[in-house]
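Two complexes follow with chain A in common, the first pairing it with chain B and the second with chain C.
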Partner chain A sequence: MTDTDRLAPGTPVRTFHHDPPHHTRLPRYARGKRGVVIEPEGRAELADDSARGLGNARVEQVYAVRFAARDLWGEGDHHVVLDLWESYLEEVPEGER
Partner chain B sequence: MARINDVGGTQGFGAIDTTDDPEPFHADWEARVVGLLNALRAQGMFNTNEFRDAIESMPPREYLETSYYERWFKAICVLLERKGVIEPGELDD
Partner chain C sequence: MSYWTCGKATWKRFPKVSGDHSDAAVARRVRRLETLLEEKGVLSGARLDEIIDASRSGASPANGARVVARAWTDAAFKSRLLADGTAAVRELGYMDGSYQRLRVVENTEAVHNVIVCTLCSCYPLRLLGPSPSWYKSEAYRSRVVREPRAVLAEFGLVLPDATEITVWDSSAETRYMVLPRRPSGTDSLQEEQLAELVTRNALIGTGA
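Our next item is the complex of A and B:
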């Protein structure tokens, strides 16, 4: 893990809950949800930035994040893994885990 | 709310058709749209995420009533207009 990989495997995270007025790779069903970081996947241009054609897209770490189906849809025993850019995620504070 | 393309987990769209379709295109114009997109991206006219954004920005009703490659073509037109390559309404005829 380098200093640019802020979120270690196993870190509990929460996804953003706002609705950006442009392309994003965080699907609606996974907004404002809690998951767990599996591992970093490498750095990539933030799709939200490049979608606006500004030419200065931020490059961020992308993480594989695992969600329990029950947390996404209220039912199901399986998991869903999404590749998500770092700015989609915030670490769940110690007191809320 | 998210835009009309973002329907993962939504009910009412019926089962996903997972049968294999050996034909990549069902009309010549569909293949031409793919060629047009590839040529424009190769020229750096716009990037893949701008293209996706243009598709997702379609009015919801129009989005649901158009086919996959029709959406591609409409998005290409929107981007060419935005980039000043064509005039507004130039393709209406």
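Our next item is the complex of A and C:
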């Protein structure tokens, strides 16, 4: 179990940019992108672990995170919300907001 | 495309996950996977049967329509539905025992919501019924997150420029359903009559 629930609604976050050699639920189009936490959704087994059949899959908070189309695609006026496990996310440091 | 992305037992009943393939080949693969899952202790056969039975016994968009009609006619229920979808639909007998979370997103004049699962085809099965084939198509999944206004227009839903669009990509354990706007001129209709007006596309957000 990780130290989880650390991201409050409204927190600016960035998704990780890694391309793991296994199953993950961070879609490619949303990697290395900036978004804002909307709400926590509850804890769940990290799919990256459970899909590999690892015993003791990590259990983490999952967050609804809102992305501006412009930040995902470079254009567009809509928003996309994704459900992302905590280990996919890092808080954007104060100086970069 | 990995069949793991859904991680759920609903393949058996609704085997077309994505792409083009014959049901027979998928069915063989699913049976093999199911056997492996049970042998390795990842998922018990009993748990699988429970989920499949629940899906078979009442998965229909009529359920989602009934939820919407209740929300249109009962403001307190609507508040509960938007605050905690899972608990609210259990009041009506849906999703009992489900391990998934339901989040209902409300359409307004200012915001239109549409749901997708870009990784596979996740969807609140019990409330919306078996998903339509286009929902599982690569075209819908890849385009609706990128150009939703154009995709919705192809469904015949042309939104005013001022209406903002939010696309909900179900990438984890939450399932989304749209609460459409109540049509004008329906003040005299009863709850059951209102439910008949709610289409599956409206519950997905690809219809009004």
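Basically, the second predicted complex is superposed on the first by the 93 of 97 C-alpha atoms of A that agree within 3 Å, B and C clash if a C-alpha of one lies under 4 Å from a C-alpha of the other, contacts with A are read in each partner's own complex, and residues count from 1 in each chain.
Rule of thumb we're sticking to: contacts are C-beta pairs under 8 Å (C-beta built on N, C-alpha and C of every residue); 3 or more make two chains touch, one makes a residue touch a chain.
Nothing here was measured: the structure is a model prediction, and the numbers come from that model.
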A:70 in the overlay: touching chain B, chain C, both, or neither? Say first, second, both or neither. neither
With the two complexes superposed on chain A, say which partner A:62 touches: chain B (first), chain C (second), both, or neither. second
Just checking: does A:41 make contact with chain B only, chain C only, both, or neither of them? Give me first, second, both or neither. second
Between chain B and chain C, which makes contact with more of the residues in chain A? C
Where does A:78 make contact in the superposed view: on chain B (first), on chain C (second), on both, or on neither? second
Contacts for A:19 in the overlay, against chain B (first) and chain C (second): which applies, first, second, both or neither? first
Starting from the residues of chain A touching chain B, keep only those that also touch chain C in the other complex, and list them. 23, 27, 29, 47, 50-51, 53, 72-73
Within the complex, chain B is touched by chain A residues 19, 22-23, 27-29, 31, 47-48, 50-53, 72-73
Complex contacts: residues of chain A adjacent to chain C: 23, 25-27, 29, 41-42, 44, 47, 50-51, 53, 62, 64, 66, 69, 72-73, 76-85
Applying the document's contact rule, which stretches of chain B touch chain A when the two form their complex? 1-2, 6, 8-9, 46-50, 52-53, 56
Sites on chain C touched by chain A in the complex: 2, 4-5, 7, 40, 42, 101, 103, 118-119, 145-149, 164-174
